[in-house]
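For reference, chains read A, B, C, D, E and F in written order, and residue numbers begin at 1 within each chain.
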Amino acid sequence: MPVSAEVPGPVVCFGEALMRLDTPGFERFVQANSFQASFTGGEANVAVSAALWELSSRMVSKVPAHDLGDACINYYRQYGVDTRYMARGGDRLGIFFVENGKSQRGPRVIYDRVASSFRSLTADDFDWNQILEGASWFHFSGTAPAVGQAVQTQLLAALKTCRDRGVVVSFDVGYRSALWTVEEARRGYAPLMEYVDVLIGSEQDATTFFGITSTGEQNQRDFAREFGLQVVAYSDREVSQTGLHRYSAKVLIGEELVQTPVYEIDVVDRIGTGDAFTAGIIRGQLLKHSPQETTAFAMAAAVLKHSIPGDFALLSVAEIEHFAQGGSLAKVRR
Amino acid sequence: MPVSAEVPGPVVCFGEALMRLDTPGFERFVQANSFQASFTGGEANVAVSAALWELSSRMVSKVPAHDLGDACINYYRQYGVDTRYMARGGDRLGIFFVENGKSQRGPRVIYDRVASSFRSLTADDFDWNQILEGASWFHFSGTAPAVGQAVQTQLLAALKTCRDRGVVVSFDVGYRSALWTVEEARRGYAPLMEYVDVLIGSEQDATTFFGITSTGEQNQRDFAREFGLQVVAYSDREVSQTGLHRYSAKVLIGEELVQTPVYEIDVVDRIGTGDAFTAGIIRGQLLKHSPQETTAFAMAAAVLKHSIPGDFALLSVAEIEHFAQGGSLAKVRR
Amino acid sequence: MPVSAEVPGPVVCFGEALMRLDTPGFERFVQANSFQASFTGGEANVAVSAALWELSSRMVSKVPAHDLGDACINYYRQYGVDTRYMARGGDRLGIFFVENGKSQRGPRVIYDRVASSFRSLTADDFDWNQILEGASWFHFSGTAPAVGQAVQTQLLAALKTCRDRGVVVSFDVGYRSALWTVEEARRGYAPLMEYVDVLIGSEQDATTFFGITSTGEQNQRDFAREFGLQVVAYSDREVSQTGLHRYSAKVLIGEELVQTPVYEIDVVDRIGTGDAFTAGIIRGQLLKHSPQETTAFAMAAAVLKHSIPGDFALLSVAEIEHFAQGGSLAKVRR
Amino acid sequence: MPVSAEVPGPVVCFGEALMRLDTPGFERFVQANSFQASFTGGEANVAVSAALWELSSRMVSKVPAHDLGDACINYYRQYGVDTRYMARGGDRLGIFFVENGKSQRGPRVIYDRVASSFRSLTADDFDWNQILEGASWFHFSGTAPAVGQAVQTQLLAALKTCRDRGVVVSFDVGYRSALWTVEEARRGYAPLMEYVDVLIGSEQDATTFFGITSTGEQNQRDFAREFGLQVVAYSDREVSQTGLHRYSAKVLIGEELVQTPVYEIDVVDRIGTGDAFTAGIIRGQLLKHSPQETTAFAMAAAVLKHSIPGDFALLSVAEIEHFAQGGSLAKVRR
Amino acid sequence: MPVSAEVPGPVVCFGEALMRLDTPGFERFVQANSFQASFTGGEANVAVSAALWELSSRMVSKVPAHDLGDACINYYRQYGVDTRYMARGGDRLGIFFVENGKSQRGPRVIYDRVASSFRSLTADDFDWNQILEGASWFHFSGTAPAVGQAVQTQLLAALKTCRDRGVVVSFDVGYRSALWTVEEARRGYAPLMEYVDVLIGSEQDATTFFGITSTGEQNQRDFAREFGLQVVAYSDREVSQTGLHRYSAKVLIGEELVQTPVYEIDVVDRIGTGDAFTAGIIRGQLLKHSPQETTAFAMAAAVLKHSIPGDFALLSVAEIEHFAQGGSLAKVRR
Amino acid sequence: MPVSAEVPGPVVCFGEALMRLDTPGFERFVQANSFQASFTGGEANVAVSAALWELSSRMVSKVPAHDLGDACINYYRQYGVDTRYMARGGDRLGIFFVENGKSQRGPRVIYDRVASSFRSLTADDFDWNQILEGASWFHFSGTAPAVGQAVQTQLLAALKTCRDRGVVVSFDVGYRSALWTVEEARRGYAPLMEYVDVLIGSEQDATTFFGITSTGEQNQRDFAREFGLQVVAYSDREVSQTGLHRYSAKVLIGEELVQTPVYEIDVVDRIGTGDAFTAGIIRGQLLKHSPQETTAFAMAAAVLKHSIPGDFALLSVAEIEHFAQGGSLAKVRR
């Protein structure tokens, strides 16, 4: 297909590639005799959404040069992600083990990410000018700088190339206490902010890591002004006693702040829902949709993702738009 | 067992036999590496219910003369349906692929029914006088005439034989837009109505296809009068945002109109619930139960069916009656 | 590890060992082509909880001298239960078949326990002085005397040894109408009561089997006084139409009566939840926790157990205490 | 279908109905977390073969009046066996647990058959005149008399009715040391032999139980003469070190003794292969095939059965005849 | 990666895309309650091998514009096949059902390919100049022309474009009697031969369809001369009674005829082994390997494929070369 | 049970605990959507055999203080291994991924063992005097010193304690090239040999690592003399083209050298077979069996282990002895 002048270039996603191993059904870790296997990662989730939702995307990471590395690449590639820039080498693929929760018992995650190939990045692994050739967007999350100096160095190289090339940059704060302390995270995030255009996080993130102490709507506006952000997107989740989630978002795009309704959700798998939301924001911005449309699409994608096992938001644009416009997907479609 | 004079003759069901292939758990089509297999069809569902609920039944359809055709027949036969009148031949068994939904995402169905053996019916496939020998009831649904002329011809032959033999006829409108247009359906249904005694549908069906424009209770009464129907049974379903279904029915039997309570249901599998309802109506009429009893039984069967995977209402009369009479099935029975 | 003077001795549990065979997902018995297998029994459930929750425990029962008997012992032993006192011999392992319910349809159990090894106990099977050596607690339930004279005889021998040795005795009434009549149960329970210190049951049990006719709080107090009980613990369950359970307890410990909140639960598997509650009471008493703490822990364990497939309350003390203290487990923990 | 005068009447099979529970793959009993479930029994296996191979058959047994009894009946019925004469009642369905072997390790079976419904037969359970109405053949095996007096009584009643009605009787010796001693079996078989026309067994059976001490071909001829048998069919199996089976048969029909080649077989499931052989003999006799044809068909059925999981010889007449006539089934058929 | 001048251009494969549904383990069709799902097709198999073995490839076919069509494309794409030229539309995806064989019972296939999207090709579906842009090779098999005129027309258009562009053409005869008669095939193959450079088939194919009546080595040489073929590759398979396969090949490349050893194989899945062989021949020719090397690689790939479930030869070049050079893969590699 | 003076004390096994993740059936790594999970390790395999074969055993290792560490301990404990000396802590459990082979394609293993808890042993983790209290035997393999200095230090501490306490020491050379070079291994093994009494390896090991250059029988005798070994046990495996293994052993015990027959084996899972052999040697020595008996038992255990999925030799003494004495296990046992 010839690429039209108006079609945005690829969304480049940089972050750790992970194998995800789930216990079956509602079994706890000590009960599991088998694990469902998939390959994920917050940034890979965004890359898959972009590819599914009629954009294009490249995933940039590093996986071992053995068959499980191949399997990871294949897994991303099946959904149309461009995987030519996946570096190979290092000792191991990071793993995260998941046990699903229900009712009063939530899901549990055991990270097994030490000594991963991604942590052993070197300058030889990536040629950022080549990787960002023609790209319209660059996305990363807070777990990337969290895993160490080697990744931070590469990330900074990528961000500088983005600035040189005019590539929009989005950053999903996603603080993980298992990976570093609040203080470490604050120091890790600081040098990145000058390159960031679009921020996904929460009011608590703004206060904790970025010194934005105002509250409510003002918090988002202050955050945007302080760091020159074009988008500040917050999502919010409460979990009821019986396991239903109440999920909503407020998104500041330019001067306009959009508040979504609260959706009550009977969750199949919440992992990756934030990434679906992020991908929806990116898509709306790339396609120059209105703040209202962008937010509604991002929210619809995130809400529907809760019903899908695995990290990926395996939904079509038509399905998401139908729901975003108030249509029910809950009937049999035949 | 000797057949007593008061035991009703078999319920003869005519319609397409289908293989149903389900993705596992809540997986979407693009995730599935395997499919659960079963053999279904709206009319087969009614035949199975009749056999399970202490009536007898015959399934009349056509399946290929290979092992999957055998498997289909075996599948019906295990529950006691008389399958001697299943014709064999033609190219293929129709398939419908199902992905289960949850919360805001509903189930999806992909029909793969073109060129099926059922669509290639010929006059040689069935001897209606033999098939209806001793029968008390004949049931078909709107998907039968929808699949083409060959089926319509056979259906009409069956209906005429029913009239000659005094066999009661039920018709479940079940319009499927994937199979034909509203206009085609209107023309397809018209010649059948003179043979129909019991109609299962909705107020919308009455208006759209049969020109009954009154509303509320009057709609059912007008429908019955216009077409000389002894029963007009409507069920109604609303789906809440979190995937709970609100299900109820209103049934006109003779002059009496029974309105059920609204049941709120956490659905396992909604496919086949309408057929369970239909089978309950047929059973009540055949056993000369009161309109109230008939409706309560049909509703109980349909409500409980929602908890059972697959199309069939695998429930005993005792279970259904216990629930119909207000008993809770939700405790452990041990 | 050297055993400190303050660590309680083992909880000795006596009852039938059973194989549990579950249909997959929500399949009914007539649909099942396979069964999930585990090894359970109300008293074994208590023994496993005790071992998991930082006490120690011994399971005392009898299983056949073949591989399925081995498998049963292995299954208990994996969680740290001391299985050295499992007698071997007899004809068969009792089985209970389970089909899971959903929404308006509850779970169903088929007992297949006749002629089991447990029913063929002889005086040679157990040396109670050896078994109770160093023990702090003895637990049994009402299903033990229900299965016949041989078990009653052994149980009485055990109870007498407990009295001689000062071992605390708990009794979970757990009447099963499939095993004996109310009148038989009344006669079976009577001779045991003089040995019982801690009773788990319901107001209805108190009235039906033990002649305690007062109601409300007074019922528990009268029960305790009449039989010299240090604890009378009642739990209560209501099942809503859509399958949510409302679960609560009131526990009399000494003079203090603690009433828990009502928890609304979206159930994965309710079997074994009462045993989790019982184990929580035992643990609190053994560790000399306050009535309030004991009850909160027992309730938290029981509530969380509802989310775990199988009979066992596979939860850590930390998880239970976190929930008991009002913490939410429903978020992702990573 | 109208029954032509030349079509043989049903084959009536009498014996214990069993649930079979298999560990997955090559797992040992102590490894199994699930079991594959099916419903079998040596005589049921013959009934299913008869129904599949264009004869008709009735299975006569007794199963509990609960859902697992229903499931058993459904399981037989799916393949076209007439199950109207399955009595209902008693305590439990007998079970046999199977672990599959490989190479030097053979399959293991644990019988769990005590106290089964079949062992509790009463005169009220069967009306043999009704059951044998129109029947051409009656089949039983040595495990039926082995399980006790109640069954022996019913068996004798059936055999007498067969003699009165001229129904041919086949008996598969199938001695099981787990069920009774050699001496008990000898006494149990003796009174039955006057009714038997067709015997399936081995030279060792002839010597051990029936006092036929000659060897080789003479053994079969002496056996036939002594007991007035029209067929004496022996099959033989040797197991090589690597798990390949060498399987052959010699069959005396009238005066003609047919010796098959030895087939070397890489076994999937050997249970039920002897029953497939028996059903082949019955079929040949009923259809008046030559001794050569009969034996070749029986042998082909038995050989091919080894490749099919479960007890049933799920093969078509066309497949068996193709192989019996020397055709290879080992190519892809498409 | 920049494409070096010496790297061959893509292998373009044209043929029907199929869903493959396998019964589990060794179950027969009538036993299956589920099917393993994959997406295959002889030409797709070649495309996957090319992509895996360090060439590049394009798959050209047509699949429906629904989720199963997406799933098919994803399935090919995961292994690196370029799927941009997969046309979308038509009614259905062809299916082939497979039951695995063992020992004396071979695999069975049921084709369910009528009315497939591939059969409804139109001139609008493909722009052959674009598709073949930069391509080095074009591959098709005899099942493509077998499914009808629409495909034949497109195939001829492709072949003409190949001649214009100098793209090498390979043709795997693969006659399927289920799709057309010998006479139809003969007429169907004839007009294609002038475009073919590399033929994969058998001596029987040469005689039956192409009038080459010589035998042995001469047959291949005559075939090559008659049709101007650069390669004539025959493989041969015999199946022993116990299910072991004896597999070998003789390949004429230019003037050199290479005969492989006979490999005795304990088969897991033989479907797709011929395609692995074909892909090996294509690879050798594209990389200008010697006839000896080419044949050894193709044979090694085909032999090893027999051990892999599914159609695809999921093997690395290193694994195949190691085996081709006489190394054993049968030890644990760790 | 009181421990009699003649019952040997526990076999203490020291080595890495590993999670084993297997692809299903014969799937390759790139095909796997799930993994079977178990917990293994060469020394754990020996510990489990000892516990199963009527000895007692302790497993000494280190696993993380999270649920997967619990699951590992539970897994060992279920078979009766004493797990009280499993240290807790460190970052992760080592994993090894397995894909099963067939015919010409062998199994593949991917080690994922870097940064494991076992590699981070400290002096605080073990009190060897306590651990070896009452022990009769200590076993380790060459993979223990291979994983680094921390383990070597602990191993040496254990070996010294063994010498002080008179505990017999066995060493299974088990060189793994993935973990260290030949030269590193040579240096790693050297300081351990003075403590070793029983060596399991091969002639090649003797030559490569220990400078024993003689061949045949003399090699074992020289090896024993050089290092003062009471047992030198070699096993040998050849893999045929079709995947059958030819397995045999020669064992020098004292002055007597026993050569076993060669067993031809159709392998289900070869991992752990060497450990079964080792455990058999240990058992024979501990129970003071003759060299002939000891070797026959060890060989029988190893041969039969090939038929069992997973690492553990889940066999009873009776089964092994029956086979060791020439009995066939390949018949159905019922």
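Quick note on the criterion: a contact is a pair of C-beta atoms (placed from the backbone, for glycine too) under 8 Å apart; a residue touches a chain by one contact, two chains touch by 3 or more.
Values in this document were obtained by computation on a predicted structure and should not be read as measured data.
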Touching both chain B and chain C (chains): A, D
Centroid comparison with chain F (C-alpha atoms), farthest chain: B
Copies chain E and chain D - interface residue numbers shared by over half, same or different: different
Longest centre-to-centre distance from chain A, chain (CA-based): D
Centre-of-Cα separation between chain F and chain C, whole angstrom: 40
Between chain B and chain A, distance of the C-alpha-averaged centres to the nearest whole Å: 45
Averaged-CA centre spacing for the pair chain E and chain C, given as whole angstrom: 62
Residues of chain C engaged with two or more neighbouring chains: 28, 30, 33, 74, 108
Overall pattern in which the protein chains touch one another (line/ring/star/complete/other): other
Every chain pair meeting the contact rule: A-B, A-C, A-E, A-F, B-C, B-D, B-E, C-D, C-F, D-E, D-F, E-F
Complex contacts: residues of chain F adjacent to chain E: 25-28, 30-31, 96, 101-109, 111, 176, 178, 239-243, 270-271
Contact footprint of chain E on chain B as seen in their complex: 21, 28-30, 32-38, 66-68, 70-71, 74, 91-93, 95, 97, 99, 108, 110, 112, 114-115
Chain D - residues contacting chain B, complex: 1, 74-75, 77-80, 84
Residues of chain B that touch chain C when the two form their complex: 79, 244, 263-268, 303-304, 306-310, 314, 323, 328-334
